[in-house]
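Each in structure tokens, the structures are laid out below.
The following pair of complexes shares a single chain, subunit A, combined with subunit B in the former and subunit C in the latter.
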Partner chain A sequence: MFYRLSGVYHSSLISDSRMFKVPADRNLAVFLLLIGLAAPFILPSLYLNSYILPWLIWTAAALGLNLVTGWAGQLHLGYAAVMAVGAYSAIHTVRLGVPWEIALIIGGLAASVIGSLFAFAALRVKGLYLALTTLAMQFVMDWVLTHSPTISGGSHSSLQAPTLALLGQQITSDAGYYYVALGWCVLVTIFMLNLKRTGLGRALVAVREKDFAAAILGVNSFYYKILAFAASSFIAGVSGALLVATFYFLAAPEQFSVNVSIQVLAMVIVGGLGSIIGSYFGVALILLVPGLVNGLVVTASEELGMQVNVETLAHIPNAVYGALIVIILMIEPLGLGKLYGNIRDYLMTWPFDQLRK
Partner chain B sequence: MAGTLALAEPFKVGVCYDLSKAYTFATPQVSQAAMDVAKLINMQGGIGGEPVEVIVRDHGNEPQRGIECYSRLSREGVFVFDTLSTPVSLAILPRAMEDGRILMQSLVGRGDAVDGTVFEWVYPVGPTYWGQMANDIGYIKQLHDDDLSDVKIGYIYFDYPFGQEPIEILKTLSQKEGFELLLYPVPLPGSDQSGAWSKMRRDNPDHVISWMLGGAHVVASKEMQRNRIPMDKYISVNWLNEVDIANIGAEAATGLKRGTNVVGGQDVPLRLEIINKLYDEGEGSGPLVNTQDVYYNTGLAMYSIIFEAARRAADLEGMPITAESYKKGLESLENYDANGLMAPITVTAEDHGGGGKTRIEMWDGETWVPQTDWIAAYGEVVWDVVRESSSKYGE
Partner chain C sequence: MTTLSNKPILECTGIERRFGGIVAVTGVDLVIQRGEIFGLVGPNGSGKTTLTNAITGFYPPNEGTVRLAGKNITGTAPHKVAKLGVARTFQNLALFNGMSVLDNILLGRHIHMHPGVFRTAFYWWAARPEEVQNRKIVEEVIEFLQLESIRYELVDGLPIGLKKRVELARALVAEPQMLILDEPMAGMNQEEKGYMSRFILDARDERGVSVLLIEHHMDVIIGICDRVLALNYGEMIASGIPKDVVKDPRVIEAYIGGSHG
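For the complex of A and B:
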């Protein structure tokens, strides 16, 4: 009924390798994109700029991490550090008088170079050892940022981003920032959707499942791992730069600290490893739910006239949010993306499959 | 239009605090003080005939949630914000500057924001870490009869922007006064300081200035005992409270000093009034024990200033108070000390810090004994550093 299908059957290789195998999925994506384009006219600026905009940029960043962790299967605990490289190099480049378009690419490339350089050393080890090595990168970056005023912008460690300007147009409006974020997020999403269909994507999945089995099949696992790190670092770098350019307006070390790295990893895991739609859900849960639950708890306590200590009030949302993560992962260990997939699969042929039973 | 909307609205302060993560060593006491001051003012008829309101929200020390808190409360008509968190203050600052809303950032955030000619909407009332450090050196200079040439001063600090910030001032003053400066960085969270203190024993500085927080003071005191360094050499930043003293041990902490911009202890007139009118009636905003803490006094000082400025704004420009008139109210504060609660402050359009006075207090085993008057030393040196830094904003 919803998908108007009795099942997914392919009769040619071309139909099997389509980006959207089910027309309803494509329609839904187009519909969501249209809503996304219309959002500045529908939503009040508070929601647009305090919730949707960071959500989109973090989703782009999480998709980048999903590339290396979800697709290539390499645990990465220093993702925020890579974002920081991108952010700081882009801002410094702009401050030198280079246009933003080029600076964003330079930021991405710088992150890519540092990210893959580190991966060169780190990829000599696997699994948890790799995770710890990437964590080390995070600490190295923290140290560099807090100890080099030239990079971090003086003794206060805050570096102001010049006004964002793209294609000769200064961007200062809420809607402008939003469209930049939306554009980047859509771009990364399209890249990730296509990645599934390419030889590169399949090679990464082969490396994830068993790297020496992949090697036997002729897949150079080290090369593909580096490639995954480089591509994901590029996405991280540009996302970091855009995060500062459109949301924070200045870069500070705390915005890219170790807990941010862990948060992004949580977004990817809660969303679902290797799931694109899951990244959207995961980011929403990790980034937005604490604030929303906080608002709900405060409103509820005011409505009910409860005399709750502000400190207790601040901790209740944390408990709710923690419980939410645990419950979701207990219901579906493969994350929110899989949860969505289950519902979709159930509805795919509904109600016709009921007749068969 | 904003003015007419605000007519029936009370004067509100947006208290976007970190009540669940890194700053919880001070935020419960400070926010409780904020609510108590507001209650007291409302009992006495409010400001300009309208009740005042503090809206306390948690941002978990996350810049993203701080911005959310700021945007949300802005829509509810709040134009005075306080974050008590450096990362969040930094994140809100560009928006407040753009939107023309007041950002109070006592004791946190970028110190060069005292330069009102650059940071029009930011008010770090109270001492900056730079000013506080200069005052500490001023105190040591008093001890050594105005001659620091043979003096060794050790500086132990969190190796992090918070602790690194005053180094510039220290170096400048060391050149100016000729004292020897020894630096002892300590990694966060300060639980491992053994290397720094055994080096300190060899160097044997005459005074040790400490830019650390909470449990790190306790670790430092243990290391000092282990290395037989007398406690009276220790001069702490203002972040040292009764809980830390209790953890060190009241007896063992004898001789320890701290810089402060508020009067410590429980006999402060405003606190006594609040205890009398609120807590004795069961109307307090939280547990009584929170009020027996110097950070509660700090909160009283911060919010006395915030509401006094509102009162003056109402007197000067009438109701409703707007961001513009509130700014005038703040800048009319002259030698205001909230009835003997804190160092007198004078806020001007140029100096948003209020003069940056502090004093040194010593723990005598039972209570805090002032060692100096309220002082603001080396004003020109501090302002040189401030201007040097603030001139780079907006480049």
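For the complex of A and C:
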């Protein structure tokens, strides 16, 4: 309908390697970006900062995990630990008087170093064993965080993040926080879109699909796995730091605990392994749907005049969203990104879809 | 031929490869000259694929040496052997099914590219010139192997004949000195075999690659190979001009179990 392949011709190799080859996709992306930029003027700041902002930062984080799990095919159950490394190193760096811009990069690099160190040990094993090794890494980080007061500010305590300041500008307004989150998410998305069309992305997919075939093409699988872990950990580190700086404001060990790791992995899998738009959907589902269902249940019970006790109210959203995950993965194992792709492909040929086999 | 060095492109001496107590290949000597199409024949399980795996580093030989253009590459890791200019295809195909034909072939250019995180992040300035330049070379090979119409299709849905051709394209874009083809015509009909033979001959004539060809189709071996080596139970049983080798009683016995039928 709005999508059309016919009439779209690429007459040069540069135009054939564009980020969005179909004009409709490009227009949609520009439109969404404009909405994103205008959001502070449209949405009340409660919605903006308690829903949209975490959605954007978690999407950036999920894209980082997608890089290592979706692209390079390495299961990672310690992702929250890597985010924690980034968050704590960035905050401590800022507390030492270093500007935020540099602190964010240091946080990312610290996460990158720790993440790839663990990967070094972990990459001797594959599949489930790798998952378990990364899980162990998560527990080690948890333990370190809760047991070293110099890092976490002590057991059961939290670390205050200094006020965010970028380019010499103190950021304290809700819109300011939002724009920082949006900027980071856009940067990571652009990186991932570029990954789709460069040799690095192809090499990672090669390593994921058939490592012996990758080897005969000259792809050193070990090197590219480490590279994937390093790049993904960098994204995790900066995302973790920004999450604390713009959303939590206090860093506490339980914000980066093992169930957070599993939640990010769920976001990536429900969204679709190797799908960029899917990560947006996946994060939205896991982050926003429970609250949404909660609101619906409350409204419905008030409308119908039914008494719902607090316990039921707490469990219904969890049950609904658990069921949603199961249903989505049963309909389309490749996740929400693939579902979106199916609709897009259908519209691409509509109303001539009967001509296709 | 005179401009190139006179050293043989590939030289294997006394190759032996054992798996536990099983000797898969033993005492194999092999010399392939530049620009030669060299056939490797033998019944199933005679060690042909093991020999190629020994050359490309998947199963380093237990004994013997492999020299590529005079350089000792015995036991070098596969991805390094690829960088030295050896490309190969696999008997059961080793394409990446989730990728398009184009991306598969572009991966063949990997050893000539420098992918990295920063190049990816700054695509427009750092990666695009390289991507476009390599894409041009890929497009030449796509044209050469007549794959234009399926460029953007996923490899997964292609018929086997085309898949084999895509794999050959992926090996050719690497601009190898030595091309190892492991049964490139298995499961093909007569017409597809004709096409494939023509592609292999053209690759040698136009692109100057030397070819090690494993094949069971004797018409192809006789038709396009310059010399042939026959293996049986991991040992060399005959070598020389294809016509003589296929008449050799030991080869006939290995294949059909006795020449006095």
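Here, the second predicted complex is superposed on the first by the 335 of 357 C-alpha atoms of A that agree within 3 Å, B and C clash if a C-alpha of one lies under 4 Å from a C-alpha of the other, contacts with A are read in each partner's own complex, and residues count from 1 in each chain.
The criterion applied here is as follows: a contact is a pair of C-beta atoms (placed from the backbone, for glycine too) under 8 Å apart; a residue touches a chain by one contact, two chains touch by 3 or more.
Note that the coordinates shown come from a computational prediction; the quantities given were computed from them, not determined experimentally.
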Contacts of A:314 with subunit B and subunit C, given as first, second, both or neither: first
Looking at A:296, would you say it contacts subunit B, subunit C, both, or neither? Reply first, second, both or neither. neither
Kindly classify A:17 by the partners it touches after superposition: subunit B alone (first), subunit C alone (second), both, or neither? second
Using the touch definition from the top, say if A:158 reaches subunit B (first), subunit C (second), both or neither. first
Looking at the overlay, what does A:255 touch: subunit B (first), subunit C (second), both, or neither? first
So in the superposed three-chain picture, is A:46 touching just subunit B, just subunit C, both, or none of them (first/second/both/neither)? first
Tell me which partner A:247 touches in the superposition: subunit B (first), subunit C (second), both or neither. first
Who wins on subunit A residues touched, subunit B or subunit C? B
Residues of subunit C that touch subunit A when the two form their complex: 56, 58, 77-83, 87-88, 90, 94-99, 103, 106-111, 113-117, 119-121, 123, 127-128, 130-132, 135-136, 139, 170, 174
In the complex, the residues of subunit B that touch subunit A are 19-20, 24, 27-28, 31-32, 35, 56-58, 60-65, 67-68, 71-72, 75, 86-87, 90-91, 93-95, 109-112, 159-161, 164-165, 167-168, 286-287, 389, 392-395
How about subunit A: which of its residues touch subunit C in the complex? 13-14, 16-17, 191, 194-195, 197-203, 205-206, 209-210, 212-221, 227, 230-231
Which residues, counting only subunit A, touch subunit B once they are in their complex? 44, 46, 49-51, 54, 95, 146-147, 152-158, 160, 247-250, 252-255, 287, 290-291, 294-295, 298, 309-311, 313-315, 317-318
